[in-house]
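In the two assemblies presented below, subunit A is common to both, partnered first by subunit B and then by subunit C.
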Partner chain A sequence: MAQLTSIADPAIRFRALFENTPELILYQNEASIILDANPAFLALVEKPKEEVLHHNYADFLPPDVQPIFQEKLREAFTGHTVRFEVYTAQGKSAPRHWDVVKVPLIEQGKVIGVHMVARDITEKAQAQEEIFVQNRDLQQFTYIVAHNLRAPLASALGLVDLLGTEEPGSAYFEETRTYLEASLHQLDLVLRDMNTILSVRDKLGLAESEAVPLAEVAHQVVQNLREVLAQCGGTVRIDIPADLRVGANRAYLYSIFFNLLSNAIKYRADERPLHVAITATGGGAQETAIVAADNGSGFDQELAGDDVFKLYKRFHIDRPGRGVGLYLIKTHVESMGGRITVHSKVGEGTRFSILLP
Partner chain B sequence: MDTILIDDDPTSIFLTTRLLKREGQPADTVKSFRSPVDAVAFFRKQAPTGSLPHVVLLDLNMPLLSGWEVLEALKPLEVSLLGKSAFYILTSSLALADMARAKGYPLVAGVLHKPLDRAEIQTIQARVQETMPS
Partner chain C sequence: MLQGPAVLLVDDDAATNYYNQRLLERMQVSQEVLVASTAEDALAILQARCAHPVTAACPTLILLDFNMPLRNGFEFLRVFTRLYPALPQSFVIVLLTTLPLDPGLVQSQYLPVTEVLTKPLTPEAVNYLISNYFGTPAAT
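So, the complex of A and B:
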């Protein structure tokens, strides 16, 4: 019996393959007319067989890809198997990435028709694109980190060189040593930043979602910053409905409020006491809109351009800061599928708007 | 020889000033701008008077304006600055692209990497003595 199966009629075997494979299979003549089409193709273009057979394959393709299919068909009719990738819709289907092979059928040295087999590689193509983007981001990240490690290191090298010639015990010697200490501390901070950022990136896509009560998290952050706030005479008004819950990662939300509020404190205006208003609306089926507005020193949005949320980009000369906070906020917001925008005016204040799905 | 440092990092300004001092340059001939915006304003004011520094050491990575943006802002003043002030880019970055990019700015006499060393300072001093007698 086993032998019987193995020598089943080849015609039956190939017909079964033709009927059941998920790949699209067409048989075409030189004029591109479809002489046979398998169920996978009929299902994709959502047409019965009689509306497909004896029609030109071009009828099922958008104009922009018709020339390439035409050209490859011509090539196959010269007796060569051709293979190419194309991104296209077929019939009324959504556009997909296709790996297409056209195989000539040769009888007595003459090509009498061409089989086309098209495999859907959309998921593979998307995964490749994702890897490409991730690779590019990582390269950029490495470049930024390398640069920001070199800056304090170069200072330390120069200061050590100076120490060799300053009079030990002199005021300059002590000052040089203090700067050296600060540079090494800075170097350490950059490495710590790297750890923080890498751990955030690691969790991308895995962010544990729960129904987080937003007001509670905001109040918790204010509570934890109350000493700093009291020192600078700052006040925070939180206007978030107590029952507003967001399907989000609690730690991320905490980090977002913490960094927003720390920034507001750091960049407050000297001439007036800091006031920050945090409001949120939406929730449930709607998007949640969070707005944090302060009356701080603001920044020149035209000068800052697209750099506001970039790693290690800074916009103030006279305030400390490494350019990490807003980068983290944006990373957190985006990992929860949200987006963030900012409006700022020098001398008036800054308003961050966050939309979470 | 008058020198202007444009660098947002106070450590860097302290260091470069002391290194220049060690090579014999009096501290009162070194002026610094931590804000690139203020530095551009200074050059706009000084260019018509002709009273300009011999050497400018320009950092690249700064808030508000990068070193490149400073050079762009100074382009309209190029005629009055050329031959008077030699600009050197002084950066901690080792990116090779900086060298190529610097070639696009006639004002830039060279790209130096932090920290400055004795030989580099002496080379700058010798060059200024040669090309800018005063």
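So, the complex of A and C:
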């Protein structure tokens, strides 16, 4: 007859589980007094066992969650297993998300105590929150893309119908055809923007950081825009210490300066020659503060509200633009862990401030 | 002189304005088609033609783009109703959108929107607007 392998005494097995599991286990009576607590709980509240046993569990909980623990304990004492999630500190611990189960211990039809098992689900809860935010962003993105693709397409659909009714070779025919062409080009631009934006979003998180000399990148951008600057009589003053390096992605920094300067040129004031000042301070252990200020036409900040950096939001009706530049700048800045703010006054100019870690 | 209401087109997109204007002119359903490329221009036209003793026809049919830079269609209407509360409420205001809007979104604004149509404007939609709100049979 085969020999059964030895099965340890159940009491020893369950004791080992109690002692070694990372989950918090308490045994409480009806008055919420702790009759037993496992090492995981003692470690969390940083108290020796004698300062925990025979104390009310409520003593370890902030006032705002005491009622829910009280209510669930009472429910468990009616003979039901209850489960709930709660975000709370315990003892002096930092607040965490807990998945809590309270299991009644029943003897001869009577509940004589309740075991509580609490599992730390903080990371899972945070991951869920991130996914929620990402989903919301993607939904918003899809909505914007759909609208911006449909706008020139709707225009083209109407115009192509109209074209079929105009006399070929007539002035109306030619004008309609010209507008149709413009609408199709607009459609193409929107699709190209999508490609740019998606390739930027794709690379988020993969951004290779290097110690980039900031002044060099700024000068390179000014150099590449020198013809447009010369045409409009604009000047750019760069005041960045030559040794200032930023732990960042070079291509992103280039794109940031390029889009900032392109915007300054595009939205310059007609009454005065454009002047842009780009300064940067910090570096080393400090945050790097980059400021780009122009004397351009500015925009109505109150009217623009929170929309300044949103995709396809535009604030100048008399200048061409698709509302992509500032969205890209913000995406780049945030992907490097930085933040960007803007101050603008109509007729005076616009100042962008970027902080990079 | 052509019968039918004067029409005001409000859209920042030149191609759309051209198309809508040409469509209305070809269909001969309106005595005059006015074009504004911004909410401000549109307000100025309404002010000049509707607020004072009428010198030229007040455009009673307004085709309004929803998605414009600076002030969108809703914001335009908000300013419009605030600036000219005394204007007779005889305007037919048609909101033109690139994709169908959630009807609840429009209702929740409590703005004088008569109809919401998805672009492009079609001859059928124009016929419907004219015969339904202005009672003049449209040319076909």
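In the analysis below, the second predicted complex is superposed on the first by the 351 of 357 C-alpha atoms of A that agree within 3 Å, B and C clash if a C-alpha of one lies under 4 Å from a C-alpha of the other, contacts with A are read in each partner's own complex, and residues count from 1 in each chain.
To be clear about the criterion, a residue touches a chain if its C-beta (ideal position, glycine included) is under 8 Å from a C-beta of that chain, and two chains touch if they have at least 3 such contacts.
All of these numbers come straight from a predicted model, not from anything done at the bench.
Novice: Consider subunit A as the common anchor and indicate whether subunit B and subunit C clash or fit when overlaid.
Specialist: Taken together on subunit A, subunit C would clash with subunit B, as the superposition shows.
Novice: With the two structures laid over each other on chain A, which partner does A:His80 touch: subunit B (first), subunit C (second), both, or neither?
Specialist: neither
Novice: Contacts for A:Leu162 in the overlay, against subunit B (first) and subunit C (second): which applies, first, second, both or neither?
Specialist: After superposing on A, A:Leu162 lies in contact with both subunit B and subunit C.
Novice: For subunit A, give the residues common to its interface with subunit B and its interface with subunit C.
Specialist: 147, 150-152, 154-155, 157-159, 161-162, 165, 172, 175-176, 179, 182-183, 300, 303, 313-317
Novice: In their shared complex, at which residues does subunit A touch subunit C?
Specialist: 146-148, 150-152, 154-155, 157-159, 161-162, 165, 172, 175-176, 179-180, 182-183, 186, 300, 303, 313-317, 323
Novice: What part of subunit A is in contact with subunit B in the complex they form?
Specialist: Listed in rising order, the residues are 143, 147, 150-155, 157-159, 161-162, 165-166, 172, 175-176, 179, 182-183, 300, 303, 313-318.
Novice: Give the list of subunit B residues in touch with subunit A in this complex.
Specialist: 8-9, 11-12, 14-16, 18-19, 22, 34-35, 61-65, 92-95, 113-117
Novice: Which of the residues in subunit C come into contact with subunit A in the complex?
Specialist: The contact residues of subunit C facing subunit A are 12-16, 18-20, 22-23, 26, 37-38, 67-71, 98-99, 118-122.
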